[in-house]
Each structure stands twice: as structure tokens, then as C-alpha cells.
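By letter and in written order, the chains are A, B, C and D; residue numbering begins at 1 in each of them.
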Amino acid sequence: MSTLSLPQTSYIRDNSRTFTDWLKSWLLTVDHKRIAILYLLAINFFFLLGGLAATLVRVELITPQGDLMSSDVYNRAFTLHGVIMVFFFLIPSIPAVLGNFLVPLMIGARDLAFPRLNLLSWYLYMIGGIFALIAAVFGGVDTGWTFYTPFSSTYSNSNVVMTITGAFIMGFSSILTGLNFIVTIHKMRAPGLTWFRLPLFIWANYATSIIQILATPVLGIALLLVVVERLWGVGIYDPALGGDPLLFQHLFWFYSHPAVYIMILPAMGVISELISTFSRKRIFGYEFIAFSSIAIAILGFLVWGHHMFVSSQSVYAGLVFSFITMLVAIPSAIKVFNWTATLYKGSISYRTPMLYALGFIGLFVIGGLTGIFLGVTAVDLHVTDTYFVVAHFHYVMVGGTIMAYLGGIHFWWPKMTGRMYNETWGGIAALIIFVGFNMTFFPQFILGYLGMPRRYHVYPPEFQILHVMSTAGASILAIGFIVPLIYLGISLRKGAIAGDNPWGATGLEWKTSSPPPTFNFDKTPIVTEEAYAYPPEAAERDAAAWRPGSPL
Amino acid sequence: MATITHEEAHTHTHGPELQHQFETPEQQKEAATLGMWAFLVTEIMLFGGIFMAYIAYRWAFPEAWEESAALLNTPLATVNTVVLLVSSLTVALAVNAAEEGKKRRLVTMLVLTIVLGLTFLVIKGYEYSEKFAHCAGAKDPISWITGSDLHESHECLVPGRGFHFPAEHGSASGGHGAAKTATMQSGHQLFFLLYFSATGLHAIHMIIGLGVMTTILVMAVRDRFSPTYFTPVEIGGLYWHLIDIIWVFLFPLFYLV
Amino acid sequence: MAEQHTHAHAHHHGEKHTHISRGTYYRVFAALMVLMVLTVAAWWVEKNLIELPGWLAVTIAMSIAIAKTVLIVLYFMHVKISSRMTQVYAAGAFVWLIILFVITMGDYVARGWPPQAGPLP
Amino acid sequence: MRDFPLFPDQASTFATQVDQLYFFLVALSLIFAGVLPFVILYLIVRYHRSQKVDRSNPVDSNLKLELTWTLIPLALVMVVFFWGAFLYVQMRTPPARTLDVYVIGKQWMWHVQHPNGKRENNELHVPVGQPVRLIMTSQDVIHSFYVPAFRVKQDVLPGRYTIMWFEATKPGEYHLFCAEYCGTEHSLMIGRVVALPLADYERWLATPGPVVLPDGTIDTGQPVVAPTIGDPMAAAGARLFTSLGCAGCHAMAGGGVGPSLQGLYGSNSVMSDGSTVLADENYIRESILNPTARVVSGYAAVMPSYQGQITEDQLNQLIAYIKSLADTGN
């Protein structure tokens, strides 16, 4: 490595004398990088909590009888898992952690446009999270993360209001993050950084932000009306009072389907960065990948009804939604093909982030294709609300978002901390996660087509073998998630000094020191070339430099 | 533009109001405006959910809508519309005054806006209390407070267990059973629920808007603005206008048609 | 790109950022008041003089509301003289509202609701 | 293999059709998900940095290629869409003559009532080779009626009827699940669907047996199987029609305070606001519970609501009776 010690000044260091000062300097920081670290800690905490709930669910499902816990506890466990994972992990994960850290760095800005708003987002996220936790501690909530009415508004006697308040507050955190990114990307780009020189991660985050500001408020008001109905017994969704429960589903999925793209689009952005860097090549079809992000963001708003094919929605609406769902599959396919084509004639190295990226492609392809199964109306009638759906969205969200999140964390870890993690353990963990993941969720496709409904506490005994396989895979998966926690933690003290650009990547974030100084760049950079500006002979040179014993 | 102005503008770029992350005041101002607009987009979508429910239920219960709208206090709402439109003008003039660096006019306009905003809330509050007074059995809010003239309530338009839509306005004026049905479900209660949700949410925005305006007023009095820096006035104004726009739709949708 | 980075340090009002005069504000306000009187008058006429079909009354009221909104957005909110991006965002909000309304109502109309919404005991 | 199935039973006319489409989708997926990983594997091995291969003239865009992998998937998903759409419309459109069975979902059981009044809980007996239409409603929250072996599923909503139909092809016992999460005992809201040959079904239908009704009372199952009338459910409805006093206004011959109900079901009636309404189950239901919502042209809105006065069961009987009047009318 080029340097032997961490830079003298960086965003992590400060000269607080007392512990209180140090704590204040973090909790009152307006530095986007520090806020990203705050998010990183909080989000990983919630991930572990959601994972714990998932463990309870999977362990319960080893046997067909409901013997480990009562159905009430089981329902609370899977609801906790859903609420935490969706609202407090998947939606903020990549934008709030990696996006917060990288957006200003990648566009050569000193900070986000509204740094204090950014800190407010984090506090809103934490307050929302605390509400959700309080709800979980004092009795939990048993509606499922979808809060379907009239069950949530009238029949459930769990802490629905508290949980919804948490989700509502967190929604504003998400809106403010999106708003901040939009303005930052529009107004704060370094001189010379035109739209088509932007890294694809920025495009993806921009598309995500649009969804966040357009869709989240609709969820907010839909949930607010559930609370109103629940507290005052007035009916807006309750058919007993003239309302229509399907209106809730429409409003809910108007947000919650695009929310899926809030989760996957930034992940796709990360993958574009990884594939290009570790192939030492310009990304294939830059414009197509960039515009496919925007296309997904827009088309993603027109397909929410495919969650409602059996809900007694009209046949006509079902057909329209199904048709547009087919269309939204295309931009995702375009991305996958372009990533694959990027590999051709590259100089590929199997570093940990690349392993995650390759894993992402494999799993996302399966997730995406099974999405088509679910988008086809006739097949959906059979498989919706079964484990087929469960398997599908875990392939997209765990196989997609979490793989990209982990890949991104590893890729930018040296930039965030200035130190390298252990590459061997990184590779091993990536493989464990890949294997464990497939073992957990592939059997669920079979279970789903067999007709095993989701959210079942007890189930017919003939499904047991597949459930046991799934639980076995889940335990492998859990180990895979714990290993990185350990070696990344160790790297904070013992990791090799990374230097400014350990991967030899392009991109503005690699042009500053690791970890970067508080205002990112000593001088505002002036951009003269596009992202991924690898010269044509970069791959050849990289391969020529390879000697036995160099990293794979 | 004269060189001297140029220099002044330049000194201002390093003035206290330019935040560290921006290069120029123009950049900061454009960022603030775009940011405010992005926020207004979310506000519009927030109300969009209520409007969606309104459209669906209006389509489902057209008669209930017609009958219910007749029971709202249209004259008061008309006054409120005028109040809000005037306040929109004063806000626009306040921005204009800030742009031209006329502090006196700016302060006057802001004070006027706040007064108009309060007027709106007072009228709205009276309208609400009328409905609540009817539920309590009083003829109007004053007799409700004084506790005089209480009798069995013949109408209660506040959604909830006590909701009671007066039979003489119901579609089935003949059948006593029908009036009961109208009380329990059908569109009447939904209408008033949406009415209270939408105008209530609007009133909350109004209160926030008043807070924003007061802050700007304090800043204006303390000479924080100049012709080169008046972004808070401008984006605060945007927010105020949005509140106005939402009322522009709420007014005809609930009180007129 | 509409908002390419410019490095000029001093321009009060660049060619984009022109100015709306006070006269315009007063004229817009007058127009708003006229529209308001119109919408209330239309309501009064419907109520007391001639019975209009419901859809027509709604169309009139909504057209007037939209006209008012356009005036406020363009002049009071300065969208007319704002950057292209601001204009796109301002328009985008309304487009998305329409998406929500049209698709959802498409389902309602096709579903034949409320006939299926018979109340339950 | 009963203990470890990998593929569900095919027991309805839809099952094979849905499975064909499913297999087509699986085949398509194998082309992508099966081939693409090997392409990637090949590329990452061949172009690994340790390999001495030709890397000159790397390409980073190719419009033809982009169009190829845009248009081919587009064509494929369109094929899949239309295939699925036609099947979907078919699955959502019951044929003209069906065996109608009423289903009520409640937390956490299914209650089924057959055309002759025979009731059962958490079980559904259907004949093989006969299209069956389920007319379903819920007493509380949203449930979903799901028979995997038939490949059919439909949400059951409170306050309205939803319709589902199927035709069993193979005698046997199949799982019945509630597929929409409905609360604590959601996973116990299960039962079985028993498909019987027609003769067995008729024998079963004629056997009385006590059943607990949704409101907790016990129905002996005895009196409803009245041999004289073709449809005892309608007969029960006829008795209700008299005892509730409906006949006082809705005189058969017409001329009463309310319109005659003869031939009403399935016909189009003109409403007082000028619109036309198809008198189906939902309209009849609405007219009983909320009579003033849509009044037939020429009649005053004077009918009282029967909201809360009759049970969901009795409502079904009344509807069956009014439907039976349609047959005699024409």
C-alpha cells in the first residue's frame, strides 16, 4: 500500500477532549460521512433485530405443529421481522448508508445540500425505530407488515397505532433523504460533471429519491387514516361503516410496490460500480443502464395492482397491471445483460465485493424471473400469498439488496475507515451467504407451488422436509452474516492501511484520502472525463501485472 | 452591473448566510428553491391520498355527498377563501419587498399574512365548534359554552359513535328506518370524516405555516435579509402558497359541489 | 443541462431569474378573486335557479380550481420564471396525482363498486 | 411420495392449464437463469486477471446487442402475458350453469351452505365434473379461499360477495387454506375439499347432520332437506319472505308498494336516478340491507333496512328465494 499510516486529518478524527465532547461531535454532526456512519450502526442493529425475529420464525417452522411458541407470538415474530426489515433496514439501507457517504464524494461536493436536514432524517429514523421497538417490547403487533384493513383498523388488539407511528415517522426520514439527494445531485455537481459523466450509483440513487418523495407520503396518509379509524372508530376502510378495504390496499401498494424499487435500484447502482471496477473496464451500455433506472422508477409506479390480483379487484384492472408488470421486467433484464457484457474482455479479479456482485446477478435473475411468474395473472392466482411469493421477494431483497449492501460495504470499507478487511475471510463469508441463502429460499419456491400459504404457524406435515431444509439453510445464512461483523470489526484496529485508492478504481471518491477529510476535497475537483474512464488497455495492463501470489 | 455592486455581491458570498457546502449564493438559493419544491411534491401527494379517498367515495355515494355538503357552512368557507387568497397576495408582495430590500414593506406584509392566517384559523375553529356544539345538543358554539339551551341533539356531524345525520336531509325522508341506516353507514359519515381529515390536515399545515411566517418575521425585523439574500422569505412563501392551493381545491370539493 | 454549473460569482438576476412586477401580482390577485366569485356564483345558480347534472357542476368547479392553481403556481410561486427543473417537479406532482387517481378509479369503475359494498350487520 | 411431494395434485380443469403455463415459464427461466450463470462463469474464468487472453479492443456499447436483449425478452413476456391473460379471464368468468355454494368466512373457520340447505364447517363437498361456483363473503376481516389442487384462490371480503369457480376432475380430498392473513389462528383456518363422484355427492347431500352455525347455535340439519321443494334453501327463503312481511309490499302480481320480484334476478332494472342496474346477488343484498341506496324507478324509497335483523345465513336464503322467482317468471 502506498501510505503507511492513516491521514492526519479525516472526518473520523476530531480533537474532543472529553467523552461527552466526542459524543456530541458525533450526535450533532452535520457531516454526511459521519451521519452515514450513524446510519450504518443503527441500520445494522435493526438488521440483527429483524434477523433475530426471522430466526424465531424459521425455528418454529421446523416442525409442522406450533410447538415452540403460540400462534400469537409467531404472528408477532413475523410481523416484527417484516416491519423491521422493510421499514428500518431495506428501505434506508443503501441510500442512507452508502448513498449518504458517497453521493457528495462521487459528485465532488463538500456535503449534501442540506446537512442539517440530513441529521434530522437520522433522528427521525431513530425516533421511528424507537416507536417500533416500544411497540414490539410492549406486546408487539400482529398485523403483518402490510397492515391490511379491516384487520389492522378494527380487529387486531396489538400495538398497531404505535407501530404505524414508527413507520410514519420513518417515512419522513426517507422523504427528507430523497429530497436531499435530488437537490444535491442537481445543484452540487463539481464543475464539468455532466449527467452522462455521473457514476451509475448516482443515477440509481436519483431514481430512488424520486420514488421516495412521490410515493412515501401516500403511505403516510394511508397509515394515518388507519390510525384515525382505529382510535375513533370512524370508518374509512371498514365496510361496516361504508368504507372500502380495497382503498387501503390501493393506497398501500401505491407506495409499497415502488418501495421495492427503493430497495433494489440503489443496489443495482452499487453493482454497476463493482462490476466495472473489478473488470477494469468501462461499463457496457452506460446510457442503457442509466435510463433503465429511470424507466424502472416511472414504470414501477404503474404496477401496484399486481399485489391485488385475488383481492376482488376488477379483471380489467388485473389485466392492465399485469401488462405493465411485464414491461417493468425489461429494464431489469437490460441491466443484467449489460453487466454480463461488461465482463467480456475485462480483467476480472475475485475480490470480495466482486463475489457479492456476481452473487447478486445470479440471485437477482432468479428473483426477477419468478417475479414474472407472479406478474402473470393466471399463475399468480395459484401462487400469490404462498411461500412462492416469500421466496421471490427474498431473492430480490436478500439476494439483491443485501448482497449489494454487503458488496458495497466491503468495496467502500477502505474509504470509510482507511483500512482493509481480511480478504480471505471476506471471500469465505460471501460464499457462505450465497450457499446458505439458496438453501434457505430455493425450497420455498417448491413449497409455494405446492400451496403452502405464507404466515402459517402450523402447516400440513407433508411440507416438513422442505421447511427443515429451509431452516437449515437459514442457520448457514446466519453464520454468513455474523462472520463479516467479526472480521470487519477486527479490521478497524488491525487492518492494513488502505491508501487513497486500494482497488485502482475510477471515480471522484477515490481521489481523496481514506478516510476523507471533513470537507471531502481540499480543492473542488474539476471533472474532465466520464465515470469508469478506464483506458482501452486498462484490462490488458492489469492482467499483465498479475503474478502468481497477487490477489485473485 | 457596476463593478462596485459586483464587489458587494462578492463579499456577500462569504457572508454568514452562505453555508459551507455551497460555492455561491445563487447555488444555495436554487438548491433551497428546488428542495422546497421537492418537499411540496410530497405535500401534494400526502393530500393526494385524501383526495383519492374523496374521489372513490364521492363516486360511490353521490347522493350522500350532495346532502352532506348542504350542511356545511358555505358562507364562512367563502370568507375563508377570500382571506386565504388575500394572504397569498400579501405573501407574494412580501417576497417582492424582500427582493427590493424594502424592510418596512416586508414586515408589514408578513404581519398582514400572519393576521390573515390567524383569521382563517379562527373562522375554521368556529366552523368546527359549530359541528361539535350540535353534537352536544347546543344550537351554536356560544350556547354550548354557556351551557344554555341544551336539548337532545338532532344532528351530530362529527364522525364517531354519536354520528347522527338529520333525517329530514336524508334521501329517504319518509322511512324512519332509512334515517337510521344513513346514520350507521352510507356515505354521510364518510363525507364528514373526509371533511374533518382534509380540513384538519390543512389546518395543521396552516399552523406550521404560521410558525414559518413568524420565524421569517423575526428574521426580517433583525435585518437578516438583503436583496441578495432573502431565500427564507421566498421558500416560506412557496409553502404558504401551497396551503392556499390545497384550500382552493378543498373549498369547492366540500362546500360547493 | 438546464442547471449546469456556472462559475460567475455575481449576477443578481441572470436571464433565467427575471422579475415579476407588483402590478402583475395585483392583476393575478384580481383574476383569482373573479374566479372565486365565479365558482361561488355557479354554486348559487345550481342550488337556486337551474338544476345542473352533477358531473357538469363538478367540471365547472374543478376547472375554476385548476385555473386558480395555475395562476398561483405560475405567478405567486414564480414557476414561470424558475429553472426548468423546478417546473418539471411542479408539474410532476400533479402528473403523479393523476396516475394515482386514474388507475385506482379505473379499477373502481371496472369493478362495479359500490354495488358490491352492501353493508354488513 | 405422499410424505414428500414436490408437485401439487392436479384436480381441476384449471390445474393442467395453469401448470402448462407454469412449465413454460420454468423453461423460459431455465434458459435465462440456467444459461446466464454459465456464461458469467465462463467469462469470469476466461477473463480472470491471471489468464493470458486477448483483451484488445474492449467494447463498451453496441446498439444492436442492446436492442436484441431488449426486444427478445419483450416478445417473450408478451407471449406469457397474453397466455396468462386469456387463462385468467377464463378463470374469472363462471359458465352459465353452475352449482352455487355459499361460503362464509369468519375468524377462524369456513362455513359452507349448499343449495339444498345442507351445511358444513371447514369442509367443502363438491361433485366431480360439474362447474361449482362459490359465492363468498366474510363476517369480519379479509380471508382468502384457496384450494391448491384446483389452482384457485379468491379473497373473501366483508360487506360484499366475491365469486370463484372451478370444476373438479379427480375424486379425492384436498387442502383448503385461508391464504390471506386474518389474525391469531390464521393457520388453523384450514379444512378440506372433498371431490366426490356425482352419485356419491348426491347421497352425501341428502344425509342430514348437525352443524354449528356461525353465530354459535346448532343447526340439526334435519328440516331443511325438504323433499317436496326442489331447492330447500329457496324454501327457507320463502318462509322468511312471508314472516318478515316482505310479501306485504312486494306482491307477486305487482301493484304493491314495492316492485314485484318475479323475474327480477338477472334482469336489468331502471333506477330512480335513470341508471340501469343488473339485479345480481350484490344488488339484491344491497336492496335488503340498504334499500334506499338504489331505488327502482317509479317507487318511493320507503322500505326499511333489514340491517341487523337478519343473519348472513338468512340473507343467503332470501337471495336464493328471489333467484328462484326468476326461473318461474320467464
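By our rule, contacts are C-beta pairs under 8 Å (C-beta built on N, C-alpha and C of every residue); 3 or more make two chains touch, one makes a residue touch a chain.
Quick caveat: nothing in here was measured; it's all calculated off a predicted structure.
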Quick note, more Cb pairs in contact for A-D or A-C? It is A-D
Central chain, going by Cα centroids?
A
In whole angstrom, what separates the CA-based centres of chain B and chain D?
45
Between chain A and chain C, what is the gap in Å from one C-alpha centre to the other?
36
Could you grab the centroid distance between chain B and chain C? Build each centroid from C-alpha atoms only and quote it in angstrom.
16
Could you check chain D for residues that touch two or more other chains and list them?
158-160, 162, 290, 293, 307
Could you say which residues in chain A touch two or more other chains, in rising order?
186-187, 214, 218, 239-240, 242, 244, 246-247, 250, 312, 315
Contacts with 2+ other chains: residues of chain C:
3, 5, 7, 85, 92-93, 96, 100, 104, 113-114, 116-117, 119-120
In their complex, what parts of chain C are in touch with chain B?
3, 5-7, 9-12, 14, 19-20, 22, 25-26, 28-29, 32-33, 36, 39-40, 42-43, 46, 54, 57-58, 60-62, 64-65, 68-69, 72-73, 75-78, 82-83, 85-86, 89-90, 92-94, 96-97, 100-101, 104-105, 108-109, 113-114, 117, 119
Of chain B, residues touching chain C in the complex:
1, 5-6, 9-10, 13, 23-24, 26-27, 30, 33-34, 37-38, 40-41, 44-45, 48, 51-52, 55-56, 59-62, 66, 74, 78, 81-82, 85-86, 88-89, 91-93, 95-96, 99, 181, 184-186, 227-228, 234, 237-238, 241-242, 244-245, 248-249, 251-253, 255-257
Which residues of chain A touch chain C in the complex?
186-187, 189-195, 214, 218, 239-240, 242, 244, 246-247, 250, 254, 301-302, 305, 312-317, 320
Can you name the residues of chain A that touch chain D in the complex?
66, 71-72, 75, 142-144, 146, 148, 150-151, 154-156, 239-240, 245-246, 279-288, 309-312, 315, 318-319, 322-323, 326-327, 329-330, 333-334, 336-338, 340-350, 358, 361-362, 365-366, 369-370, 372-373, 375-379, 381-382, 384-386, 446, 449-451, 453-462, 465, 536-537, 539-540, 542-543, 546, 548, 550, 552
Contacting residues of chain A [partner chain B, same complex]:
104, 109-115, 175, 178-180, 182-184, 186-188, 213-218, 220-222, 225, 228, 232-236, 240-244, 247, 250-251, 519, 524
